[in-house]
Amino acid sequence: MSNLTGLNHELHVFEALESEVRSYCRSFPTKFQKASGYQLWDTKGSVYIDFFAGAGALNYGHNEPRMKQALIQYLSGNGVAHSLDMATEAKERFLTDFNEIILKPRNMNYKVMFPGPTGTNSVESALKLARKVTGRQTIMSFTNAFHGMTLGALAVTGNKFKRAGAGVPLNHAISMPFDGYMGKDINTLEFIENYVKDSGSGVSLPAAVIVETVQGEGGINVASTAWLQGLEQLCRRYGMLLIVDDVQMGCGRTGSFFSFERSGIQPDIVCMSKSIGGYGLPMAITLMKPELDQWSPGEHNGTFRGNNLAFVTATEALRYWESSQFMEEIAAKADKVKTALDHIIQAYPELDGEHRGIGLMQGIALEQGKAERISQLAFEKGLIMETSGTNSEVIKVMPPLTIDNEGLEAGFQRFEECVNEVMSETRKPVKV
Amino acid sequence: MSNLTGLNHELHVFEALESEVRSYCRSFPTKFQKASGYQLWDTKGSVYIDFFAGAGALNYGHNEPRMKQALIQYLSGNGVAHSLDMATEAKERFLTDFNEIILKPRNMNYKVMFPGPTGTNSVESALKLARKVTGRQTIMSFTNAFHGMTLGALAVTGNKFKRAGAGVPLNHAISMPFDGYMGKDINTLEFIENYVKDSGSGVSLPAAVIVETVQGEGGINVASTAWLQGLEQLCRRYGMLLIVDDVQMGCGRTGSFFSFERSGIQPDIVCMSKSIGGYGLPMAITLMKPELDQWSPGEHNGTFRGNNLAFVTATEALRYWESSQFMEEIAAKADKVKTALDHIIQAYPELDGEHRGIGLMQGIALEQGKAERISQLAFEKGLIMETSGTNSEVIKVMPPLTIDNEGLEAGFQRFEECVNEVMSETRKPVKV
Amino acid sequence: MSNLTGLNHELHVFEALESEVRSYCRSFPTKFQKASGYQLWDTKGSVYIDFFAGAGALNYGHNEPRMKQALIQYLSGNGVAHSLDMATEAKERFLTDFNEIILKPRNMNYKVMFPGPTGTNSVESALKLARKVTGRQTIMSFTNAFHGMTLGALAVTGNKFKRAGAGVPLNHAISMPFDGYMGKDINTLEFIENYVKDSGSGVSLPAAVIVETVQGEGGINVASTAWLQGLEQLCRRYGMLLIVDDVQMGCGRTGSFFSFERSGIQPDIVCMSKSIGGYGLPMAITLMKPELDQWSPGEHNGTFRGNNLAFVTATEALRYWESSQFMEEIAAKADKVKTALDHIIQAYPELDGEHRGIGLMQGIALEQGKAERISQLAFEKGLIMETSGTNSEVIKVMPPLTIDNEGLEAGFQRFEECVNEVMSETRKPVKV
Amino acid sequence: MSNLTGLNHELHVFEALESEVRSYCRSFPTKFQKASGYQLWDTKGSVYIDFFAGAGALNYGHNEPRMKQALIQYLSGNGVAHSLDMATEAKERFLTDFNEIILKPRNMNYKVMFPGPTGTNSVESALKLARKVTGRQTIMSFTNAFHGMTLGALAVTGNKFKRAGAGVPLNHAISMPFDGYMGKDINTLEFIENYVKDSGSGVSLPAAVIVETVQGEGGINVASTAWLQGLEQLCRRYGMLLIVDDVQMGCGRTGSFFSFERSGIQPDIVCMSKSIGGYGLPMAITLMKPELDQWSPGEHNGTFRGNNLAFVTATEALRYWESSQFMEEIAAKADKVKTALDHIIQAYPELDGEHRGIGLMQGIALEQGKAERISQLAFEKGLIMETSGTNSEVIKVMPPLTIDNEGLEAGFQRFEECVNEVMSETRKPVKV
């Protein structure tokens, strides 16, 4: 209690001046000052292991040294910082390298659009384009999807609390069951195809389907490769565009640069943000097949499309993808995480935990309340872990991809201590 | 023609890889490299005077030295770059200084919200909040308004081309005539009040009115102080919230920190972005009266709400407002610009130009086509000027607020040369 | 009070079993039994003069003898009563005679559609067609318009109370100022044209404009012929369809069969119902220029499109239009009504009444509350008069077109008694 | 071919003057003149057996003698024909008898509302009320539902062709799988409940569920009693209102007065039209539980709510329900129809027919094209049969409930001849 008062005192500027809408600062109630790699320091000198990675915006860790160097150099040389959508050297370098390092080796042919520098803006641009190109209005999205907070993206987001925040009806979207939503044995695509093809279903032919290959916010729900392939075929059969929202799952989070590489599908449009800037700086891109690039000049614009500092670090981040080494490292760490989580699930059968996820996007689904409690305890022990799922029922392990073994192990040690403590709390008889 | 080929060659990476949606890079077809104050350099070494200032995002000029210094220092010290909405030292400093330097001296009491780091996101948050607090859905906006590109903000934007880009109907908004829209002698507020109070008008009581005190994109239309005061009273009489979108006009563009200071109105909600970050880095804030801060935690969120690099430069930018000196300088430069524009209008009566604007947001309304031609010629002469208005009918003078006399004069000299040239072109007989 | 109890007792079946939505039975609280011409009898034997005419559905009076005769004969001969949209002899006769008696002499070329047998259904069909033919969605309607209660028609209706009843937002419509709405000297068409042509107005090009030439429910607002002609030209200039809703004003109410004949305009689509069936039986038609008849079979259907009893009486009603005599009679009665209303307005200057209307759709606009009081007193004196306007501020004179001089005079005698009484009540000091 | 020319000649008035939207007159291309019981005569003297019954509006047959008598008597006595929603003797009689004969014996307590005299208007009133009472907007409807053609009702209708006719997006509705839609072994209610309760499903809590207990237009899909009961419980658990659209299935079509009696559920709101007027005259009622009767006076109105001729015949029609005899007769005829259909299915295995329906709403689902061909052949043989289902895949047997054995047998004899003929046609080799 005295501790809490202390915290309140420390955060009184935020409590007095910042809106009640703030949220993460309530879960992690301290004032952060410095950060490096997988570690954060607060103003009191405490150090935290980061198993959250800026919700996926810090895949390369905090203040990655090469990017920092490039940034300081660019600033020192008076490089253009803000350029709207004018041509700059920094942007050219990013476009060239993105094409050479990412697209070409994957035999991908996409045009790159720079929407406003946030994920929701990339999604808004993707939906506009899909509607323009097809002349249709409805977008098919999925249960527990998360695509953003502006009205267009919110309409394809599943979370009812977030949706209610719109204050107006959210239309032109149809929410269909994600892979696994109807139980393990039911292929939701059959159900979906019925709705699409049946002339009496009450649902118009969608312009596009927007999907996350792994739903992060929705509870770490992994779509199977078979389902993703089936979805792509469904799109082809009925002339719907396939949009992959890779804002959180892209840039290596699931093991490959694009999260959909494991399934071999070829989306028509891809939304990226979060870690695309490399350093946690605001940036977003929307990729589209060249024949879909039917935009008129300026049809979707925005002031911060030319955040050149982010172009500089984004270009630097592409170095990670020049060989297969980084992917191999992620795979090795993913195995470690899987092993560690399986160990916890087996060691604590009363926990009744269910493993979720792939790559470095993993977690354990728990009885309601427990994941939040673990997150709270973890913070007290110097470990940043967030929950996921509409009822915050999944405790998430989502470190920077660059974390080393030492970091992973230290984090997991604290994690297990928390689980242990939650189990003790649960076992205690309730006093009347 | 050979020149154009050269340009094409230079910009071939953008033409090959970037989407057709790009626009400013078509008006200013060169590759920029460095920038300082009111000047830009391209890769071929040409230098440009900037009369555009990043569409209002660069009020303090390019690479402002103190901000650059603070930024490099923050980066070097491994300051937290990305923090979602967690508490950081950099954010605390911004909040404290914003309160001390901006709000308190103006007797303003606002809570500060950090939406996603773009103007459209600030507008989306403002509309959500107004709808939540009032329980109503309709927002009143104005003819020729510009508020952003995501679906919520686009619904209150007047431009039909941008609106059509939505691909879905844009609802829950009613577009009313801005000050002056019905002719000089008609007070549009009377017309508007009829619609609001008449039980047969077909328009529901709006939750809020969103207004720009000067419409930048819409053609530099200045609302009179009487009209703004009348609008505020109208809002009070009928229980509508008053939202000022100060994304482009705030941070000194019209002469004072907030653009509405000249009218003495007290908006319920204020949207800011563009120059709030100081250095052209993505950042936005939404101010709201404390009693309206009825957000639930996380009801509107986003990955890049914690762009700490922008907090650092934003805090530095507040230094400009510690005394009245900066405002006085802007006023003096505004006078200069007014004089220069009036001179051109009078010296070229065939131009049939109409002066528009206040502060360092001024321009000349011209017969269609001429403003675009002037912009084109200006670029060739090393001067960046943009047009404004839904038919690009206004040539805009919108330099960094920090421009010096030398810069202003050099810019105006080139501007007048362009006007002269356009006049010559017009006078030439058309050959058959 | 004892009287009211008596009434309550008499109407207890309705109070106990019928929904609270009932309205006219509250203004005219007795149980009607028989009716003939311009008279109604209740079960207690009281006789009422009808200055309301079924809100315009009984232009030919109650139980018109020739129609009654035709109806009984048709029934006796087992004529088809209900036929969906199959071909029947009764329908053929109506179509043939409507063409010969109404359309041909007016040089009109329209296809006839039978939507569901109500005005709102005709409006819904008109809006659907306009949207289909133009491929656009927005419909322009007017302040104080009334077009019906189903969601499509309600969206173009001005009354806020009725609109709120929808329970959902009403979209795809824009409510523009009707003739006179902005004051006597302002031509609202100029304002409207600005919105239509200005690319920054925030309003898409409408598919169609729907207008009542005289707004009945909205307060008996008469559009001038110049305004109607201007509106037609506006529609032609911008490719908007012109829909006249003649549900209440058609069938002679304003003096000619179609209410728009006085202005010489040629609507693209015309909605008719109410008196089209002649006898007060449910029927509606939608007229459209042949080139607009782009319906697919069954695209708009309904069970009661083939109300053959109504076809029989509708055909009989057309006899009234075989010569100009009926129009001349209406004109003469309209003069009488005008004279009588002017007399009242002049004789009671404290009434501060304003004459409204043309043809046999006239009334007096009064200070709020008075019109309702007059209606109440009139009922007590055996005269059925309704109010109009969103605040019930107009007392309406709207008898069957077939009323004779005796009926008119008797009605006006009672009307003037009521006015007298209201004046006395107003003069009385309020007791504490 | 010559025959067709003859038909064209006969129907030339309709072809020349009536809109292309007409549909049934294309399937049954003759001009009808007289009708009695289950028979229709055209102007050439051909007689037709009616297995269609006005799409359910003629459950008591054509020109039922007692109703006809009552109608002629009412007309002769100058009974009020049209009364808006004023109190009349005829309406009182209907209300009293409806209460005594229908509601009381079933222990039902409903208030009666008279919306406009069509099914779609009853549905619009039900949806408005549900939205008002709950303060929510979404309505849950079902795949293959049919509820009407005005925008509110169309939004809860499944048929894509009809929906597309709206010309605007149809919102505020969610189409869920009807009983059996996901295959025989899957209980669609489980799927539906997931969507309702899951906070991440993307679907707001609906205000109400609207359901047909048997989907007529949608292909004669019968909801099981278990499913209907489960649906009612689902509504209770989540506070959604239950609306039964009994427009087509009510008034005895499925064997009891209300179609939902077989399941024992107690809907909150019931929509009725079609046969409620008895004689095929336009009439509709909306029943609501008394506590839901939260209408303001006049909140939903309409000109033809007081079609007294329909009240007279509707009252007469209630006589059929004074004892159980009529229900028993329907049951016996339903058995006969079932037997006859089963016989056809078994006798023609190549037909691959599937029996559908209950009561006197039965049919056979066939391979696409065949049902339409049977309907066509039936007409040529003097039998009116319609198809159903969004692809017209079901041939429907839907005679007046009052048909006698002779009529049924004669009809079935012709029906079987058609089936035989279709089978022969199918067997014929296709010529090249």
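A, B, C and D are the chain letters, set down in written order, and residue numbers restart from 1 in every chain.
The rule we apply is simple: a contact is a pair of C-beta atoms (placed from the backbone, for glycine too) under 8 Å apart; a residue touches a chain by one contact, two chains touch by 3 or more.
The chain list, named the UniProt way, goes like this: A, B, C, D = Diaminobutyrate--2-oxoglutarate transaminase.
Note that the coordinates shown come from a computational prediction; the quantities given were computed from them, not determined experimentally.
Among the pairs A-C and C-D, the greater number of C-beta contacts is found at C-D. The most distant chain from chain A is C, comparing centres defined as mean Cα coordinates.
Annotation: 59 Å between the Cα-based centres of chain A and chain C. Spacing of chain B relative to chain C, judged by their CA centroids, is 50 angstrom.
Look at where the CA atoms of chain C average out and do the same for chain D: the two points lie 31 Å apart. With touch defined as above, residues shared between interfaces to two or more other chains in chain D number as follows: 137, 161, 168-169, 171-172.
Every residue of chain B that touches chain C in the complex is listed here, in rising order: 137, 141-145, 156-161, 163-164, 169, 171-173, 175, 177, 181-182, 186, 191, 194-195, 198-204, 218-219, 389-391. Residues of chain A touching chain C in their complex: 168-169. Listing the residues of chain C that touch chain D in their complex gives 11, 13-14, 17-26, 28-36, 40, 43, 54-58, 62-63, 68, 71-72, 75-89, 91-92, 95-96, 98-99, 111-114, 116-121, 124-125, 127-128, 130-132, 137, 148-153, 155, 161-162, 165-168, 171-172, 207, 247, 273-274, 279-282, 286, 288, 293-304, 307, 309.
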